[in-house]
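Each structure below is given as structure tokens.
The same subunit A turns up in both complexes below, where it pairs with subunit B and then with subunit C.
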Partner chain A sequence: MTTGSPLLTAEHVTKAFGGVMAVHDVSLTIDAMAIHGLIGPNGAGKSTLISLLSGFARPDSGEICFDGRDVTQLGPARLARLGMARTFQAATPLAGMTVLENIQVALTIKYRSGLFSVLARTPAMRREAKALAAQARELLAVFGLLADADRPARDLPFGKLRYLEIARAVATEPKLLMLDEPAAGLNQVEVDQLAALISWVRADGVAVLLVDHDVSFLFSICDRITVLNFGKVVVSGSAAEVRGSELLREAYLGPAIPQHPDPPVAESRRPESRHLEAQ
Partner chain B sequence: MTLAVGIAIGSVYALVGMGYSLVYRTTGVVNFTVGSYVVLGGLGTWWLLDQAHFPYGLAVIGGIILAGAIAGAFWTLIVIPLWRRRSPAYVVLLSTVIGGAIIAPLTELLITPQAEELPPWVSGFTLHISGSDISGQYVFVIAAGLAVLAGVSLFLRQTMLGKQLRACGASRETSRLLGIHPELAGGIIMVITGLIGGLAGALITPAQSSEASMGLTFGIFGFAAAALGGLDSVAGAFLGGILLGTGQAFIDRYYTPNYDEVIVFALLVAILVLRPNGLFGRAEHAG
Partner chain C sequence: MSRAWRARDGLVVAAAAVAVVMTELSGSSYWIYSLCLVGIYAVVAIGFNIALGLAGQVSFAQVAFMAVGGYATALLTTKAHADPWLALLAGTALGAALSFVLNLPFLRLSGHYLGMATLALALGVQSFAENASSITGGALGVFGVPSLTLGSFSLAVHSRFYVVVWTACALCLTVYYLTAKSHLGRAWRAIAARPDVSASLGINVSRARILALVLAGTMAALSGGLWALLLNYVAPDYFGLAMIGNIFFMVIAGGMGSLAGPLVGAAFVVLVPQEMSSLGQWQGVVLLAMLLGVLVLWPTGLLGDPRAAGSITALLPARLRAMPTRTGKAGS
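Entry: the complex of A and B
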């Protein structure tokens, strides 16, 4: 698959929670191997949209196609096996397991031979297990977590925990990786590292859907941007097109303040603002 | 002598306790049906041997499979629908208590209303310890306890399936992200738990007769064993069972057999006040 061909298409997707239109008639196309940004103020429906795309919630109406098949009614485990990975805003390390084991479990998704075959201790299985451990360590090295491999995952500091989440999602060998506010709460050095890691993931042939408040971070690495507000798509296009769009500014500041050069950035990156997100 | 009896009784609690621990570690569910599988294994074996005239070995295997099948059926018919409807944990727990309460009268109705005993696995195998006789059958019970402990620990730590199951226990949502179906994983672990319980039943029924109503007793003592050792630690549940049985045996011998359960449970509460996560449990568990 090459850049430009659509990997995921959502058409007229709608989801209401108790009368509130969290996502309203949203259509979206994510191209293979592209980095697609999704921005919008708190409560714009970004997280709900990711939940719909990743199977954690079912849309009330509309259709979602992924990699050439209708996946509207599929659950998250099936979608994960079809090549869709995501992270949550709050880190979800597997308690009681080490950093390395977190990655290893994610890598087992490729045991197509079935769950029980790994119980058989044939030499081939042992080789496979060895290869798996090596692969897990390789991935940890890329994400700067190799020294922490044998630590309990929940003991990691905040920033590293975020990297572990992403590494674990990458370990499922997705075609599409959806990151829900990966930069939230990170300092500038960590945000730069994160941008490099996301570019590395894309270079590996993975499309990325990136949700964040941090507009400058998104524009620095995204090929395409979709702006959501009040559950609707306000504008969607290439990063250059959207950057110049008056509609982006309006979504953040309202229509009345044209002289502000950039939407607010620093404020929206505070972690506590995550709790305001409508979910 | 008292110690030997205690360890023998305790190894039954240990087997049941490991069932609790296994299910809890991999699904987050506290499962009070475990005691029922002991009875099903024992009485199922008895029925196949005594009523259907199977050879003993085959009857034992049949009884164990029966317990595993009922465990799988309970999971599929009761727990999965509750999960699908996002029932809170206490409802799932209640369903396991009710499950145990339903399995007992069904066992009475369909298998036997009486206490039944199986022949010993090796006839005439008796241990003489300080002048008293202990059924040699308990040797098999203890050996099975150790074998199950070793097998289950290796399985959870070393195999990829074991790691996937632990991932489910840590977080159902996260395990879904990794392509694991927690419903299927829970079903696998429930069948394993049923098989372990069934094995325990087939093993102890030659030493002490089984009847349908005993499922509840096994269930409570097994849960106490697991809580004593630490519900999220399989080895802890095993040691908890041995400690519980030994404590009970010593109170029987040196104090009074009438109130042994009261005293054992009072001690259990005292220990849990001092160590809320059990003797060998970890400080936290994100279920």
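Entry: the complex of A and C
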């Protein structure tokens, strides 16, 4: 088990939509170079938590620190530049772009040349473009997508599209990679490949926050696991600790003796589509 | 971008270059004047192709920056007796500066809201030109704009001004080409497709948008200035709804995000009505029918991406889409 220093700490983070507490007083620590699983039934607040951590939504209260600085109020682009990358639940190939271009877009932040170098076609700008195109191809090779480099990204089969999304996030050279249900809709072979890729990414020094429904997949790969239900942390600990916990079972199946005063109807109404949205 | 697609773009640009040179050599004053207009229209269309075709920004304000360039050139030459070249440069620079300043507040908007706000700006500028008579000459406009000269060599003759227009057009095409194929162009296409995904990859969406809009505004102002120098005159009714329609049509029918599209669109918008003047009162109807035909049969434009989905509805909403957030709240 990896025992790195804390890379990201969220403290008492709360976010409500209308009267629904999507995320309620959640505290979470993700260690550097760890694979941290986030699990919970539909509507538990997993995606909202990722939105909060990645700057797509601001918490109503609470504090988020990343890599030693308070990032609670920062937007997604700033966070990405600080080393936080994420994927989205639905596939997000950029329309009209090839597979290679999708990766190159993610390398945009690495370019030093501005408008004038581009218009003057300075040698430095051309060198840079060439080097970064090569870097994009290298990354495609790692993810087994090199043969598809010049295909329109939206034409990729479902499984490869997933790898492309992860490759694109990895291209930003993050310290923390947040994957929102990367295994959804993949077959067993693809899930195994995915697990290998995630392990490779971590071996490269990247911490991974992994959101998924697939319990066996998460337990096979994660160092630590946090179980979320009704927007709250139910249990958090090492994979072994959480696996033995009765609370995980309860989150999915309900308590052994039905004693819930009000069933979680309002919560489960939040749409959490796992279908591939055609772009 | 597929290779075949790019090759076709290159062929059309080459054909256009041949047509432009042949026309100049032919000495036909009618065609030279017509192609002067095509070139001037193409300049604003190439700029707007960066904003709409690449960066997906539905801005109606291009016509306002055209007016800024046109009026600045006209007023600097007639009232301040500035050199016409200097006035053209100053007008273009003013268009660049104003497109930066005026687009800043619009960065908070996207989709329909951006459209409405920029339309208000466009109509506001036209209304200002119409009503601030002491400065702009009101509805009558500004007369007596001098022509360009090179030393003692006058460029008033259309065949000479033609060279200036098409040099400007070639310059704008070069800017389009170099930026479109660079990381800047990729970032523009990314923010047009998915602003949220682009932001998650560290792209500063606002900065990318403003860069595209400033390039578009600069070219619009250049086009307006050239127009004032060609006609030796500017008037507010040039910069109204009809011109807004022309600018959109040139880019959409020509092919959004295509290098040669604006050239084809400009030629269509200028030449087809001229050639159809014999149709009399039916001219407008036939022209609109042709526009509809293009949009229905070639929804991605005559030179648009041939692989893009094939319906009008598929063409616009994807680019007009407001930034979706995971929280379901609208806005950017």
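In this text, the second predicted complex is superposed on the first by the 245 of 279 C-alpha atoms of A that agree within 3 Å, B and C clash if a C-alpha of one lies under 4 Å from a C-alpha of the other, contacts with A are read in each partner's own complex, and residues count from 1 in each chain.
We adopt the following convention: a residue touches a chain if its C-beta (ideal position, glycine included) is under 8 Å from a C-beta of that chain, and two chains touch if they have at least 3 such contacts.
Remember, it's a predicted structure, so these values are computed and weren't measured experimentally.
Per the definitions stated earlier, placing subunit B and subunit C onto a shared subunit A by superposition produces a clash between them.
Touch criterion met: A:105 reaches subunit B and subunit C at once. Of the two partner chains, neither subunit B nor subunit C is touched by A:25. Of the two partner chains placed around the shared chain by superposition, subunit C is the only one that A:17 touches, whereas subunit B remains out of contact.
Once chain A of one complex is fitted onto chain A of the other, the partner contacts of A:97 extend to both subunit B and subunit C. After overlaying the two complexes on the shared chain, residue contacts for A:47 are found with subunit C alone; subunit B is out of touch. Within the superposed three-chain arrangement, the count of touched residues of subunit A is higher for C, of the candidates subunit B and subunit C.
When the two complexes are overlaid on their common chain A, residue A:57 makes contact with subunit C while staying clear of subunit B. Touching of subunit A by both subunit B and subunit C, each in its own complex, is seen for residues 56, 75-77, 80-81, 85-86, 88, 92, 94-97, 101, 104-106, 108-109, 111, 115, 118-119, 129, 132, 168-169, 172. Subunit A makes touch with subunit C in their complex at residues 15, 17, 47-48, 50-51, 54, 56-57, 75-77, 80-81, 85-86, 88, 92, 94-98, 101, 104-109, 111, 113, 115, 118-119, 121, 125, 129, 132, 152, 168-169, 171-172, 279.
Of all residues in subunit B, those touching subunit A in their complex are 25, 155, 159-161, 163-164, 166-167, 169-171, 173-182, 188, 232, 282, 284-286. For subunit C in complex with subunit A, the residues that touch the partner chain are 1, 175, 178-179, 182-184, 186-187, 189-190, 193-194, 196-205, 211, 257, 305, 307-308, 318, 325-329. Here subunit A touches subunit B in the complex through residues 56, 75-77, 80-81, 85-86, 88, 92-97, 101, 104-106, 108-109, 111, 115-116, 118-119, 129, 132, 154, 168-169, 172, going by the rule given at the top.
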